[in-house]
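Just so it is clear, A, B and C label the chains in written order, and each chain counts residues from 1 on its own.
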Amino acid sequence: MASLTVDLALAGIAVGSAAALTGIGLIVTYRATGVLNLAHGAIAMVTAYLLRQLVVVWHWPTGAAAALCLLVVAPGIGVVLDLLVFRPLAARGAGTAETLVATLGVFVLLVGAAFLAWGGDARADVPSLVSARPVTLPGGLSVRLDTLVQFGAVAVVALAVAAVTRWTRIGDELRAVVDNRRLAVLRGIDADRVAAVGWAFGSFTAGLAGVLLAPYLRLDPYGLSLLVLETMAVAVGAGMRSLPAAVFTALVVGVAQSELTALHPTAAAQPLVQAVGANLFVVALLVSVFVLPRIGGVGAERAAAALTRGRRTTSPVGWAACAVVLLLPLGLRAMDLYAALQVPALAIVLLSIVVVTGYGGQISLGQAGYAGLGALFAAMLSSGTFFGLPPLDEFAALPLAVLLVAPLGLLTGWPAIRRRGLALALTTFALGVAVSRFVFAQPFFTSGLVLNRPRGLSGDRAFYVFELALLTAALLVVRNLHRGRLGRALAAMRDHEQGAAAAGVPVPRLKLFAFAVGAASAALGGALLGMAGRAFDPADFDPVRGLLWFAAVVVMGADSALGAVLAAGLLVGLDTGTHEGVSALVVGVLAVLLGRFPGGLVNTVLTRREERGAPRAGPLVAPDAVLTAEGRRVRDRVRSASGRGP
Amino acid sequence: MTAPLAARGITHRYGGFTAVDGVDLSVPAGRVTALVGHNGAGKSTLFDCLCGTVRPTSGRVFLAGRDVTRLPDHARARLGLARTFQQLAVFPGLTVEENVRVGAEQRRGLTAPGLAAGLIGLPQPGRSSARAATRAALRLLDLGASHRLRAADLPTGTLRRVELARVLASSPTVLLLDEPAAGLDQDEAEALGRVLRALAADGMALLLVEHDLDLVQRVADTVHEMAGGRLLGPGGAEEREGGGEVR
Amino acid sequence: MSVEIELRGARVRYGPLEALHGVDLAMPSGRLTVLLGRNGSGRSTALHALAGIVPLSGGRVLWRGEDVTGLDAFRRARRGLALVPEQRAVFGSLTVEEHFALVTGDVGGRTPAFEAFPALRGLLKRRVGTLSGGEQRMVAVSLALLSGAGVLLLDEPGQGLAPAAAARMHQVLAEQAADGGRTVVVAEQQLRGALRGAAVVHVLRRGSVAFTGEPAEPGFTRRTRW
């Protein structure tokens, strides 16, 4: 038994070491640049793929391939990201939300690129850098060599960071920048150079973690990226500050996760223990985001407002074009119509992001979870597996599923009352991942499910018309959230939360409301997505897909309902019309470039047109010369009457 | 007569530091009360305790005699306690008129039925009175000509007026102003002073936190100085006529 | 008097607030200049604009006639400009000695700091975060003195110091200009002690210049009841 415990602990060190490397890299980058790099996992994934390509396909020697991947490509990715994406953002004074979207864009871009280059199939043949042969340590303990190397890599990297910060010039500069960035600049330190080094080092650790982890799993674009993203927990748990704390947490969680597999509880608790054991980093992430609500949240006032133009532009032309495009599939062949069924359903899901983020100003990366819950509940209700309820007709199951998911919006709405920016993004993402792992992946919920289309709508054409009707209804409801008293209150909350509260807007209640409406909309779209495919498929609601959806909406303009519909068309159209991954690549590139067209594509286009048509009224600093004599007289009269200057 | 706003024994500590230490303060109707003091004297924390963004460690806040200590900021706002922000709270995504309208609309609470009605697009009650209040506030602050402009691109002086108009549109009984002259030039600050005097003459209770002692001398009826979290006792405006520096 | 560094029509915005409404401020070469004004008058912002840590929304910064508006703050520092900000002017996690090591390699180079602030001699091993506010000011100003920079910008260097220590601080700074030939710009709330010997006084009021001239000019006292 004792030896089994030791063996499991050693096995746990493998994943623990990778997590520790991730933690070190994320913290160093964050301290040097202020950016929490959500693309870390994708860099790990791409590096692992590249290593496999070099060794397995092009037959490079493993050593040379590893050196190229780890010492050139991975750090190079970091430097390129810094130069092309993050330095321009920092120079513009971009806030948390914009930087967050940029990291998401990089994530989505790399995932899309990997899909295109290597396909979505899982690869089990990633070469190990070190053989797994056992070696006997002086104490008589037998350890696999690769475990030893992994552990050694963490120790070397951690000690190297400590030594560099202590004894080198760049280390002094890093410490100065971390301590007091402004003062470091005033002392002549080039903070940009320090940031570039931080990016290069962070990407190097990502590559190392990916290369070390990949042999243990089957490599696919989603899986490794998400796994590394989950290990972000150790950096968050260490307050994005302490390297020893991150390394310690990583190893403890890794070992604990491994030890849990040896636990054999009663049959009833078995699935839960297994699920927790397999996903301990997700649990750690949840705990850390709930225990440490302040991470990066400071100074994030108006965070999400930066993603919108806040302009109530409506575009009849845009909507008409959109309607035509949506009606076109009705004339298509059966095969193409089947693919088009996803568009209205996805559009309704994306509208939930418009409501929560675009109108309400709350960053929510977990909407895929609500969409999945909608599909799952609809399937469970109609299959009769929903906690003792009899099987329901699909016409009843659909609205009931939506009504059941709506209050679950409080799961993310309640944390949002006290969190902002990065902290809220992490919290909603962690909840989304948790739902995916602890609900969608559990046979307890998903076994024996059938999901059919409502009676009389089983044909693709009829179902498509039904979807269009529901999309129209959803758009009308969403429009009500953008106008009138409710729209103004939401916009006020988004633009200046404290100011809105000071004006009497019940901010906590309004946030819960926005999240509940968002959850309901996502659930409706998700249920339709499931019905269109006649099954509940957890892969449709993968958390990584949720990140892609969020990025797609923001790219089009977070507060643009038209943009959400177009984004749905773009995502489905690109992937079915070309190769899977193209849509992610396109969205990723656009998200990375978002700094060039703040407010999103649709808003930018509309604004341009508007400006061409009628010049916008300039700022009120109208110099006197612009006023006619009559105008000046009027102004002076008004001034003296009200006792106010300009 | 009870003061529209009164604080009794307000103390606020955080991290072992006492920012406000047992402060009693009354803000009477029809007068401008000013709060001065150095950075770190506790003015901002006291201000936050009064308007509800911070809950004091101990002590009570009364609004028209009602204990509002446990009410959050938005609830106090609907009871007639309005505030402005040093860093300007305007909603850049809305037009000038919509900014003001947000203030006018909140006298009536946004309840669950109201949210549901808004969701399905039913008109909200009290629309016409909110519209009238908006128009009046825009006129009062000379914003009639610019009401359709988006608040994003306006200069500081205009934004101050937008914020003030939004606040006034909710017809408050008490107005707390946090450095309202920050970012204004000389003329704008003087014009602001005239508006504040006019509001006091109209019966409103005003509390002003301000560094600009000229403005304080010109508009305040009572000046309280804060230091080390305590109130050092009031002085009438007349006492300062000699031109000695009020610290 | 030739001009070392100046703001021309400089505007600075912090979000919706404009802190400098287009000011012209010139600092004479090798002399002491004092910026007077209250909190919120734009004093600190003017110094920050000169040092390049806030961007201008309008106007220019000229250094010996050259337009340096677009020059990064760290490059201005390397060219010989040292700003001691009002807040967070030291690295809390470093010792006094490590601070000195940032600006001068040899131990002998620290002498000017000890001459100005003898008290620092006994504090070399202390982490600066553990020092009193006044001692931190001394460390911060020492950094500027030792840096070899030709232009020293100091935002309330006397803040947190006892009156005698503040007077000594002002004396040291005045000497840096008079004997050392450095361009010294001091922002303070009041014109006290050695600051009265300034070549030029600029008074800022609400983000605009209310007075510029010599302290002895008749207009000074009348127009600076700010």
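Here are some notes:
One rule holds in what follows: a residue touches a chain if its C-beta (ideal position, glycine included) is under 8 Å from a C-beta of that chain, and two chains touch if they have at least 3 such contacts.
Predicted model only: the values in this text are computed from it and were never measured.
Taken as a contact graph, with one node per protein chain and an edge wherever two chains touch, the assembly is complete, since every chain touches every other chain.
Two chain pairs are in question, A-B and B-C; the one with more C-beta pairs in contact is A-B. Inter-chain spacing, taken between the CA centroids of chain A and chain C, is 45 Å.
In this assembly, the C-alpha centroid of chain A lies 39 Å from the C-alpha centroid of chain B.
Distance between chain centres (mean CA atoms), chain B to chain C: 35 Å. The residues of chain B that reach two or more other chains are 90, 155, listed in rising order.
Chain contacts: chain C has no residue touching two or more partner chains. Remark: chain B residues 51, 53, 72-75, 77-78, 82-83, 85, 89-94, 98-99, 101-103, 105-107, 109-110, 115, 118-121, 123-124, 127, 130, 139-142, 146, 148-150, 152-155, 157-158, 161, 163, 166-167, 170, 187-188, 190-191, 194-195, 198 touch chain A in the complex.
Put simply, chain A touches chain B in their complex at residues 305, 308-311, 476-477, 479-481, 484-486, 488-489, 491-492, 494-496, 498-510, 513, 517, 559, 617-621, 638-639, 642-646.
Touching chain A in their complex are the following residues of chain C: 51, 53, 72-74, 77-78, 82-83, 85, 88-94, 102-103, 143, 147.
Those residues of chain B that touch chain C in the shared complex are 39, 87-88, 90, 155-156, 159, 179, 181-186, 189, 211-214, 243.
Interface residues of chain C, counted against chain B in their complex, comprise 14-19, 21, 38-40, 205-208, 225-226.
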